[in-house]
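Handing you a structure now.
First chain written, first letter: the chains are A, B, C and D, and each begins at residue 1.
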Amino acid sequence: MTMEEKKYGVLVSVFSPCGERFLPAGYKSDLSLEEKLERIAATECILGVELDYPTDFEDPTKLKPLVARFGLQVSNVEIDLFGHSKWQYGSLSSTDKKVRNEAIELCKRGMDGVVELGCNQISLWLGQDGFDYPMQVDYRSRWQNIIASIKEVGNYRADVNVCLEYKVKEPRTHIQLGTVGKALSIANSVGLKNVGVMLDVGHAIMAYENPAESAALLSEFGRLFYVHLNDNFGFWDDDLIPGTVHLWETLEFLYWLEKLGYDGWYSLDMFPYREDPVAACVQSVKNIETLIEIARKLDQEKINLLQEASNATGMIDLLRNAVLK
Amino acid sequence: MTMEEKKYGVLVSVFSPCGERFLPAGYKSDLSLEEKLERIAATECILGVELDYPTDFEDPTKLKPLVARFGLQVSNVEIDLFGHSKWQYGSLSSTDKKVRNEAIELCKRGMDGVVELGCNQISLWLGQDGFDYPMQVDYRSRWQNIIASIKEVGNYRADVNVCLEYKVKEPRTHIQLGTVGKALSIANSVGLKNVGVMLDVGHAIMAYENPAESAALLSEFGRLFYVHLNDNFGFWDDDLIPGTVHLWETLEFLYWLEKLGYDGWYSLDMFPYREDPVAACVQSVKNIETLIEIARKLDQEKINLLQEASNATGMIDLLRNAVLK
Amino acid sequence: MTMEEKKYGVLVSVFSPCGERFLPAGYKSDLSLEEKLERIAATECILGVELDYPTDFEDPTKLKPLVARFGLQVSNVEIDLFGHSKWQYGSLSSTDKKVRNEAIELCKRGMDGVVELGCNQISLWLGQDGFDYPMQVDYRSRWQNIIASIKEVGNYRADVNVCLEYKVKEPRTHIQLGTVGKALSIANSVGLKNVGVMLDVGHAIMAYENPAESAALLSEFGRLFYVHLNDNFGFWDDDLIPGTVHLWETLEFLYWLEKLGYDGWYSLDMFPYREDPVAACVQSVKNIETLIEIARKLDQEKINLLQEASNATGMIDLLRNAVLK
Amino acid sequence: MTMEEKKYGVLVSVFSPCGERFLPAGYKSDLSLEEKLERIAATECILGVELDYPTDFEDPTKLKPLVARFGLQVSNVEIDLFGHSKWQYGSLSSTDKKVRNEAIELCKRGMDGVVELGCNQISLWLGQDGFDYPMQVDYRSRWQNIIASIKEVGNYRADVNVCLEYKVKEPRTHIQLGTVGKALSIANSVGLKNVGVMLDVGHAIMAYENPAESAALLSEFGRLFYVHLNDNFGFWDDDLIPGTVHLWETLEFLYWLEKLGYDGWYSLDMFPYREDPVAACVQSVKNIETLIEIARKLDQEKINLLQEASNATGMIDLLRNAVLK
C-alpha cells in the first residue's frame, strides 16, 4: 500500500470486546485505550483514530501525547449521547430540560476538547433520541428540541465542525435523525456553516439509500463532512468489512467521493465480533485501496455517455471488464 | 357515518383493472371515467376525486361538469410523469433537456387546468426519476435538475400548490425523491410557499418511517399539504386498505393529523387487485372513521404525561383500553 | 384476569439488565435468579418460567425448590448454545468435533436436568450456527452436522421433547435454522416424535412469515411444540410487548392456536430494555387475554364463509366490528 | 465465450413488453413468439428456452419445429397458474374444487406436452396461492390442498419432473410456497422422486436466503432440480441482470452449483423493463461466465481450510485477490 493510506481512520470501539445482547461480555477480552491504540498502529495502514468523549478519555491533555506516541492523529471525536442509561429516552431531544442541557454541555466540553487535540470536529449520533413503540413520544416537541439543541451546539464555537450521524434504528426501534434527508433537512434548517453530516455507509444502506447518491446530495448543499465505511446485508447495521456485501455500491461510493472532491478521512466503523480487529482493519483498507485504484482507472468519458443515456447494460459491460479478473 | 365523511377523497385509479406485471390486463374489466365516477359516488362516503392529467382528462372544461354531475369535487390532480415510456429514464430530472422541458410544460398546463377545475393543487410523483442499477446515473446533475425543475414549476403560478409525493422505489429500484427527509430538503431548498409535500402513508411505511412522525416533521416546516391513506406490510407499496396491517400507526397518524391542525383531504390511494373497489373504499372510510372517533376520545392529559415520560407500558395500557373491545 | 392466566410463561432473561452492544452493561441493575423469580411471581399472572441451562442453573435439585417456593413451574429449559464465545462459530454444526460433542453433551445433560425439574422439554436455539459473510462456511457439511447432532440429541431420551427454535439472523448475519420451513424440514427429516419446533412470533415475523400460518403448517406435521410471544417491526427481533405492532397477526395467531388445539404454554420472550419488566409482562398478558377473548367471540360460521371466498373486505368489516371500540 | 454457453436458458417472458402496474402496456412493443425466439437465437449464447403453457403455446406439435428452427431447445415449461384472474384466489390450493381440478388438469396436460417437446420437466410457481390480508384464508385447508394437488400431479407420470418454484410474495402479499424450507418440506412430504424444487436466485435473496446455502440444502435431499438466475436489492423481485447487486453471493452460488454436481440448465429469469432484452441476456451470460471461470480457479484447499476455521478475514483476502483486478 502507498501514501493513499494516510487518510484512513478507525473507531477505537472496533477494538472493543464486541459485546451484544446475547453475549454482553463480548467475544474477546477488554483492552485498555493504550492497547487499542497499539493495535491500531499495528495495522500499519491507519493514521486516524476516532474516540468517544468522555467514554474513551476525559482529559484531552493526557490523551494527546498518548495518541501521538503511536504516530496517530485524532480524526474525530464522537460525543457519548447513547452509551449511558441516563440518555435512554433521549439526549438532545429529551423532554427533561436538565437531561437536554447536560447533553448540550457535554457537546460543548467535547468541542473544547477536540481543539486541544488538534482536531476540528465532533460527531453527534443521536441513537437514543427516538422511540420504540407507536404513540410513545410527542414527535413535534422532540423535533423542536433536536433542532434547538443542535443550533446551540453549533453556535458554541464556529471553529469546530459538528457532524450529525444519522441512522434509522438501533438501539431504538426508530431513531428520529434517521436518514440522509432528515439529517440534511436539519443541518440546512440550523443554517450554520459548521453543522454538517456524517455519512456512515452502513447506515445509508440499511435505510435503502445508495451511499454515493447520499454523498452527492449532501455535497450539493455543502454538508458532506465525514464518512464511515463498513457494510451490511441491507436490514441491519451489521458493521461488516467494507465491500464484502455491497461491492458495486462501495466502488461507486469511493468513485463519487473523489468526484465530489471529498478530501476528508476514510474512517472504519465496524463490529468485528468474531474477527481479529487488526486483520479486519487491514482487509478493509485493502478492499478500499483496491476499489479506489479500480475507480480511478474507469473510463470517465464512457461513463459520462452511458450515464447520460441511463444505459444499464453498457455500464454493466464496462464494470465487469474494469473490475473482475 | 356523519359529516366527517366530507373530507374523503380517492384516486380514480383505484377503479382501474389493477393490472400488474403477471397479469397486465388486470383482475377486472376496464371502466370509462364516467363509470369510475359513478362508482365513487356509489360509495356514498367519498366527496373528492383525484385524477391524473392528462391520462384521465385533457380538457378541464369537459371534466368539470362530469365531476359535478356526480356531486364530486376534484381534490387533487397528479401530473403523469411516470405512466409513459418517454419518462422511463426520468422526467423532471432527465438528462435530455427536451424531455425535461416537456415534463415541466406538462406540469404548467396541469396547473392551469386545476384552476379551471376549482382545485388549487397538483401533485408530482417522480416515480421514474431514479435508477435501477448502481452506477447507472449521475446523481449530482439529476438532483440539480430536480431542484431546478421544481423551482420553475412552483414559480409558474403562486395560486396553485405543488405537492411532492415521495416514494423510495417502484417502478425504479431507487427513486431519488424517496423519503420524507429528501422531499422536505428539496421543498425547503426550493423555498416557495406553494411547494410542499404529499404524505402517502404506505410510502412512509415502506421507508420505515412512522407516518405520524413524518407528518409532524413536515408540519413543523409548513410543508404538509396533502395525505394519501393506505397500508402495506412494510417492504412494498402493497396499497392495501388503511388500518388493516398497521393499526396502531394508522390510529396515531389520524390522531396527529388533527393535533397538527391538518384540514385537507383524506384521500385513498389503493390497488384493490382482487377486491370490489367500492367495498374497498367503504371499508377504508369505516376504518378511518372508527379510528378518528377513538383518537378523539383519547385522554389528552394522560397522553401528555405518558409521552413526557416515554412511558411505553403506560401507553400500551391506555391504548388497549381505549381501542380494543 | 381469570384462570386463563395459568398457561403464561416467561423467560427469566426478560428480567436481565437488557444489555446491548452500545450499552453492554444494560439499562438496569443485575438481579439474582431468586430476585428474578420473585419479580415473575409479582406479575400475578405468570405461572411458568423458562430458564437457560447452564447459565441460570447447573444443579436442578437446587433449582426445583427455589422455583416452587414462588409458586412457579419450569415451562421450558433452553440449552445455552449461543451465549459463550466457544460457540462463536457454531455449536451443533461446528466443524470441530470436540465443540460439536460438547454441545451435544450439554443438550443431553439438560434433558436429564429437565426431567428432575418436572418439565419434559428442552429448546435449542442455534443462534451461532450460521455465518456472517458470503463464502465463510461449507453449508453442506454444516447442514449434515446439524441434522446428525439433533438426531443424536433427540434419540438420547424419548421422554423429553426437543424444540428447535428458528430465527433468521442475530447474532450471526445468517443463521442456518432460520425459518419455519427449514425447521420443519429438519424436524421431519430427523423423524423422531420428540423433535419439534418452537414458534417464536417475532422470529416468524422477521422472516416475513404470518405466525398463524407457520403454526398451522407445523401443526399439520405434528411439530408445533411451544410458542414464544413478542412483537417487532418486521426487520429485526425487537422483542417488544405482544400485539403492540402486529395487532391483527397477533389476534390471528391466538385464534389459530386454539383452532389447532394447541394446549401448551404461552411464553413471553421480550427484551424490555427501558421498561419495567413486571409492567411489560403484565401488559403482555393483558394484551393476550384481551385478544383471546375477542378471538373466542368471533363468528366462526361467518369466518368460514368469508375465508372460503377469500373475501377480504368482508373480513375487514367483521374484524373492525369485533375488535375495535 | 466457449462451450460453457451451451447450458444457458431464458424465459421467453424476458422478451415481453415488461408491463407493470403503472405502465401495464409495458416499455416496449409486443412480439410474437416467433420474434421472441429469433431474439433469443440472436443472443448467440443461449440454447434453452422456457415457455409458459398454455400462454405461450397450446399445441406442442406446432411449437416443436418452431423452437428447433432457431436451433433452440425447450429447457422447461412453466404451467400458468398465476396469469389469469380465475386463479386470483389460488390454483392448486383453491377452496373451490372445480378451480383446483382445473389447475391439476392443466398441469397434467402440460406434463404430456413437455414429453412431446423432448423436455422432461414442468415448473409450478404458485404465485396466486396465498393471501393479501391477515385472516383472509384458512391456512390449514390450503396447505392440505397444496400437498394433495402436488401429489396428484407428481403421480400422474413419473417420467416428468415437477419443479416447485418458491417465492415469498408478489402478486400476493404472502405466497404460501414462499421459502426454500417450505418448498423442501412439501417436496419431501410428497415423497416422490420426480417432485423437486426450482431455485430462483432472486426469490432466495428476497427471502433473506443465501442462494448457495439454499442450493446445498436442497441438494442434500436430492431436490435441486433447476435454477433461475437474476438479481435484486433484497426486498423485492427486481429481476435484474445476475451479479449486478449480489456479486459475492452470485459467485458463491455458481461455485456451489459445480461443487454440488448440478448439471442442469442455467436459466435467466429477468424483467429488463428499460433494457434491450438481447443485451440483458448477453450481459447476464458474460457475468455468469466470468464468475464461473473465477470460481473454478479458486484455491480449493485454501478454501477448505478457511471454511473449516470460519476464517472470514482470510476468505476476504482470498476473494479480493481472486476476483478483483
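Just so we're on the same page, a residue touches a chain if its C-beta (ideal position, glycine included) is under 8 Å from a C-beta of that chain, and two chains touch if they have at least 3 such contacts.
Since we're looking at a predicted model, the values are computed, not measured.
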Inset, instruction - Tally the contacting C-beta pairs at the B-C interface and at the C-D interface, and name the larger one. - result: C-D
Legend entry - Label of the chain whose CA centroid is most distant from the centroid of chain C: B
Legend entry - Whole-Å gap separating chain C and chain D, where each centre is the average of the chain's CA atoms: 34
Inset, instruction - Quick one: report the Å distance separating chain B from chain D, using the average Cα coordinate of each chain. - result: 35
Inset, instruction - Round to the nearest whole Å and give the separation of the Cα centres of chain B and chain C. - result: 40
Inset, instruction - Check each residue of chain C and list the ones that touch at least two other chains. - result: 89, 132-134, 169, 174, 208, 233, 235, 241, 244-245, 248, 274, 310, 312, 316
Legend entry - Chain contact topology (line, ring, star, complete or other): complete
Legend entry - Residues of chain A that touch chain B when the two form their complex: 89-90, 95, 131-140, 143-144, 168-169, 174, 176, 178-185, 188-189, 207-210, 212-213, 216-217, 219-221, 248-249, 251-252, 255-256, 259-260, 303-304, 307-312, 315-316, 319
Inset, instruction - Could you pull out which chain B residues touch chain C in their complex? - result: 208, 233-235, 241, 243-248, 274-276, 279-280, 282-283, 286-287, 290-291, 294, 310, 312-313, 316-317, 320, 322-325
Legend entry - chain C residues within the chain A interface of the complex: 17-28, 82-85, 88-89, 127, 132-134, 169-171, 173-174, 232-233, 235-236, 238, 240-241, 244-245, 271, 273-274
